[in-house]
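Read through the structures below before going on.
Each of the two complexes below includes chain A, the first together with chain B, the second together with chain C.
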Partner chain A sequence: MNGNMNLTLKVWRQKNSQTAGKFVTYKAENISPDMSFLEMLDVVNESLTLKGDEPINFDHDCREGICGMCSLYINGHPHGPKQAITTCQLHMRTFHDGQTITIEPWRASAFPIVKDLAVDRSAFDRIQQAGGYVSVNTGVSTDGNAIPIPKVIADEAFNSATCIGCGACVAACKNASAMLFVSAKITQLGLLPQGQPERYRRVQSMVAQMDEEGFGSCTNTGACEAECPKEIKLTNIARMNNDFFSAKLFREEEIHEESHGG
Partner chain B sequence: MSLDAKIPQGPLAEKWSKHKFDLKLVNPANKRKYDIIVVGTGLAGASAAASLAELGYNVKSFCFQDSPRRAHSIAAQGGINAAKNYQNDGDSVYRLFYDTIKGGDYRAREGNVYRLAEVSVNIIDQCVAQGVPFAREYGGLLDNRSFGGSQVSRTFYARGQTGQQLLLGAYSALNRQIHAGKVKMYTRTEMLDVVVVDGHAKGIVTRNMITGAIETHAGHAVLLCTGGYSNVFYLSTNAIGSNVTAAWRAHKRGAYFSNPCYTQIHPTCIPVSGDHQSKLTLMSESLRNDGRVWAPKTAAIAEQLRKGTLKADQVKEDDRDYFLERKYPAFGNLVPRDVASRNAKEMVEDGRGVGASGFAVFLDFADAIKRLGEETVKAKYGNLFDMYIQITDENPYKQPMRIYPAVHYTMGGLWVDYNLSTNVPGLYALGECNFSDHGANRLGASALMQGLSDGYFVIPYTLGDYLAKIGPKKVDESHPAFAKTKQDVLDHVNKLLALKGTKTAEHYHRDLGHIMWEYCGMARDEEGLKKAKGLIQALKVDFWKNAMVVGENEEVNASLERAGRVADFIELGELMVDDALMRRESCGGHFRIESQTEGGEAQRDDENFAFVAAWEFKGENQPEELHKEELVFESVHLSQRNYA
Partner chain C sequence: MSEIKQTFNSSLGKKLIMALTGLFLCTFIIVHVGGNLLLFSGDNGFGFNVYANFLTHFPPIEVIAYLLYLSIAVHALYGLILTVKNRKSRPVGYAVQPKATASWSSKNMGLLGSILFLFIVIHMGDFWFKYKYTNTVAFKEYRTDLATGKTTESAYTPVSADFNHSVSTENNVEIVRLKDLHARVVYSFSQWWYVLFYVIAMGALAFHLLHGFQSAFRTLGWVHRKYTPIVYAIGTWFFAVIIPLAFAAMPVYYFFVYAK
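After this line comes the complex of A and B, so read on.
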């Protein structure tokens, strides 16, 4: 087909978390510009498999930018060179014939390598488990319209809630900080009336878990915001810090009471 | 085995309330003596696991992804129906029930569908309480929009990411129970078999997708919430990992598979661009609120559009055929999915398809942009337009979208009774994994409703009844059935790993997809289906001879995972074809060319086919046995669907 490309890939291969990894060079030939980046890797993997070699392992699932499973550090950028998309939404028309593309996994000690380009992001789940919820059991009988929520507040909460938990913010950060990810959930629930009763307790427990997982601190560089496929704003971090200090300074007793009363 | 749907007696509106009272309860102190296995963490699985854990049961939850939040429910775009009647436009539980039964072309159970409509209102309340940021109006109240097959606005939504927000709500409820120690979560773990002891499901066999360890898990009940099987078509809107393996292995252990031929082809997807394509992307049905579907009036104009010598916005108004508005003035662009899909196909067959391939029609927003302004359109559908731009490199604010139908959802699934129990006691199926609520065609914004209904509001009641009856005594993993089933799984894995042929599993998957789409897709006939059966049988033989699987079991092995799933899809494909052959009528998404009205609509045969097909596995390469559950309609009158 006209306009198809030949590319050189430098791909990080690593059998598992215990063994050392290395870059391996592959040729990706006759690649259509209409292919997605992951479809290009499918083509490479198909030929590796037919040769009896192990295909390049990478995480992926929905292939439409919403499940958050795909990752990849492409030519120095999480999810590749384009803004506001995930790797699965990146198309090969972004690249040109003859280009060399370097593909690495997320690099952060809190995200150990699973195999090749796939990493273990279960630390994110544990942070959510520490408090990323409103404690309501199934079966509430309050009508959904009982508490009106101003549209601007609902919209702002939604903007934070669009985080897909992919980990690009951590990968982009020189400190491997997870503050953008954590603050997105804290902001969503902190803005909504439903989230108020546990607001200060939540921020403390989620931040404590974040620290325990070994993520770095935020130094306000803003790389996370720049690379976030869902354009989660840095102001989320400001809100989280605000709630965190407020909890520390003025609400220790309340939090203490709650955890005993729980 | 008899097929008793266990629909409660009594008036439709009182069935569920009465049934809830009649169900046995497990007292709070005894609940902790029961272990429940929940496979899958989508809307049905996550909501069930969280709700059951809240009640006090010990839950083990499994997903094949790296986190429960990745389940494919997350990709649902448009919305969730609920009979709240907030718009004062005449909605009611009965109307939602009626629309759903009619939309399903009268092939669903009245009792189930009424219950679904009844609990729909609770779902919205529950999700709001969890902090799900639904769209709101300036007054602060919940906003609604319209979806196909209904004349009221009852769809709640969160921009074009409703599934994501609902799933993250259920995920948060699940997280709370994981934190409380009531749910033990197993990620990157794939279920490969069900353990059946004395006719009851007592556990599962799984493969750890990191280490390859084949493990057994015992429980008092097993809930399959593992989604649908659209990926049997290779190209679909499902996630790449979505597969039928859990449901299929359960089927091979005795669970009946119902109505496998009922598949939904969604009318508005981004057209296929080439052979490299790995999946298709949906453009939400909500777009049909404002987008107008059209094709050029003549093949000659279509030809110019295909060649690129004419642009869509240059086609004169008189040369456009807004075929849905023309044929169905009452519902217009919001006819049900099966109707819209078939009409698009007709346009293409009439030589009026557009786009380079000719397999597309237009979905045009020019009028909406003129009427509402680009900003408003952007606020409503911005993320969908962005997705379209990313994939096609075209700007839908300037040129109409090109759309074409694609496989999106499967109404068929494991047979379940009113309690969501399969015919294997202790084995339940929830959400898209079961067959129960959508008949032969699912209306938009109903999948999220059903998944959450099953998980939050049905299974917590119905499961207790079974558990109370069997008592807390547990069959543990020392029972020989566990070792036996584990060995069967190991043998299967080793058989796959021994394949050292010349074609990848992906290759077979693609071939299967072509067969299914060609002969068991939007239109089916006897001759084509018979041909497909032969092709699938040959494909199966070829797969077990010439497939290539690399690597070992004791590592991350995507090649092995894929091969196992494709092998199951091939077997399912044959059953789908059998089911489609057997059902010599058209209904909803199942369109038999031999059975259509003069106007080309699906022609049902209520006299002979008003039943649920439930297929029983009879052994490898043996024909399956058909069981029938007659559908009894007490409240609605069966009529030819008419959306004009």
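After this line comes the complex of A and C, so read on.
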């Protein structure tokens, strides 16, 4: 008895975005509890490859919880049943011998399936490109501490900046809404002095792009916050709403009043 | 598309409409429950009938009433539009449903809202519509002796078809003649299934507001470390407990106590 486990996997297999997919059951045998979830899939894939089958396609990159590439909807939870970790940081000791694990891709019309468990999350990139930046002039670089920022504000901006854009919020939301992601990006820049000049333009363009991509709207259920591997707070969504309505209803984008007739 | 139109067509704009109409409906039910507490006054519906007459004949109230019907319609319509849009955002669902990462009421606002909409239609059809547009609600006459303060009541048949109410004083006796909506209340609340339906609807109201009240503030962007706990407390205790209990107590009281 070495403490290794035998598991049953129900994995979503889909050739590409055009074809229909289905669940296929695999046996994962002799799995060490010290393996990460992705290493377990590597083992399964190795045996599939040796048998001449197509390996299970899944996204992964850094495998240390910071890149936002891994996904997987495991037994009803994005990034698995544990809180505040990504799938690559999920270890097999979380599961028990003989357990059946269902693995699904993120489900959202804005995240079309590329293959099997990998989805196309470039919608997030387009939202980011729509306004998730600050424009910086070239020339002499200013000292980093030249502008005083209260620590609480800096901390709050940094907490939002920890969003890795993995899409777990969209996966967890019953509406497939991207608001936690978008609001984190807006907050991270909107709270800091460097983000002020573009603050109200940013919120409008990023929200417009988010709508364009076909994400759902927010019901404030808090499912995103509960599943976020980086523990991004729901407060960000309220902050985004506040900035958006402020921009749309109260801010003047043009300084000069339009002339009426004459 | 004009900018205002663009704003209200965005995902956030639609939620703003939901939040504003929802909060307006919240303020309405405070007035509604307050006025209806007259049902417990033990005066055989005198106060309640006077109140019902005031509501239907005071012009500013009528304006607000139509604003209210519009709010209900818009709130329901936008709820439906948003639900359809949200469903489209996830065309293929999960095989394993997520477990308890969000409150039950927040995940079932559409279902709760549908129950409430059905309730509002039946409720308004039985009281508001019958009271205003039909002759099924009979008239009543209350005679109050101003010296002793004692009130007697009797049925009243109006002489003209367009009579709605009258108040007069003869020989130190105040005579008030108006539609007896209270009798309609007594009749409706004497049927067990009707009482049950009302109690269920008020359960739906409780859960709808448990999430809805605080969610509206989040949508508006009014989240603050100091004030949000207060909003939660009001949403929970006042809107999800006290108001639905007070409403539900009315049919229950009439069925079990008043009818006996």
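Here is the rule we go by: the second predicted complex is superposed on the first by the 247 of 262 C-alpha atoms of A that agree within 3 Å, B and C clash if a C-alpha of one lies under 4 Å from a C-alpha of the other, contacts with A are read in each partner's own complex, and residues count from 1 in each chain.
Here is the rule we go by: a contact is a pair of C-beta atoms (placed from the backbone, for glycine too) under 8 Å apart; a residue touches a chain by one contact, two chains touch by 3 or more.
Here the structure is a predicted model, which means the values were calculated and not measured.
Participant: Quick check for you: in the superposed arrangement, does A:K151 touch first (chain B), second (chain C), both or neither?
Facilitator: In the superposition, A:K151 touches chain B alone.
Participant: Is A:F244 in contact with chain B, with chain C, with both, or with neither (first, second, both, neither)?
Facilitator: second
Participant: Determine, under the contact definition given at the top, whether A:E39 touches first (chain B), second (chain C), both, or neither.
Facilitator: The first partner, chain B, only.
Participant: Output check: A:S141 vs chain B and chain C. Expected answer is one of first, second, both, neither. What do you get?
Facilitator: After superposition on chain A, A:S141 lies in contact with chain B alone.
Participant: Does the superposition put A:M210 against chain B (first), chain C (second), both, or neither?
Facilitator: second
Participant: Name the contact category of A:S183: first (chain B only), second (chain C only), both, or neither.
Facilitator: After superposing on A, A:S183 lies clear of both chain B and chain C.
Participant: Which positions of chain B touch chain A when the two form their complex?
Facilitator: Listed in rising order, the residues of chain B that touch chain A are 47, 50-51, 54, 65-72, 74-75, 84, 86, 122, 124-131, 133-142, 158-159, 161, 164-165, 168, 171-173, 175-176, 178-179, 185, 187-188, 210, 239-241, 273-274, 276-279, 281-282, 386-387, 390-391, 393, 456-457, 460, 500, 502-504, 506-507, 548, 550-551, 555-556, 558-559.
Participant: Please give the residue numbers of chain A that touch chain C in the complex, ascending.
Facilitator: 10, 23, 73, 75-77, 102, 104, 107-110, 172, 174-177, 207-208, 210-211, 214-223, 226-227, 234-235, 237-246, 248-249
Participant: For chain C, which residues are in contact with chain A within the complex?
Facilitator: Result: residues 3, 7, 10-16, 82, 85-86, 88-99, 101-103, 106-107, 109, 211, 214-215, 217-223 of chain C touch chain A.
Participant: Write out the stretch or stretches of chain A touching chain B in their complex.
Facilitator: So the residues of chain A in touch with chain B come to 1, 15-16, 32, 34-36, 38-39, 42-43, 46, 49-50, 52-55, 57, 59-69, 84-85, 89, 91, 93, 114-115, 118, 120-122, 124-125, 128-145, 147-151, 154-155, 157-158, 161-162, 164-165, 188-189, 192, 194-195.
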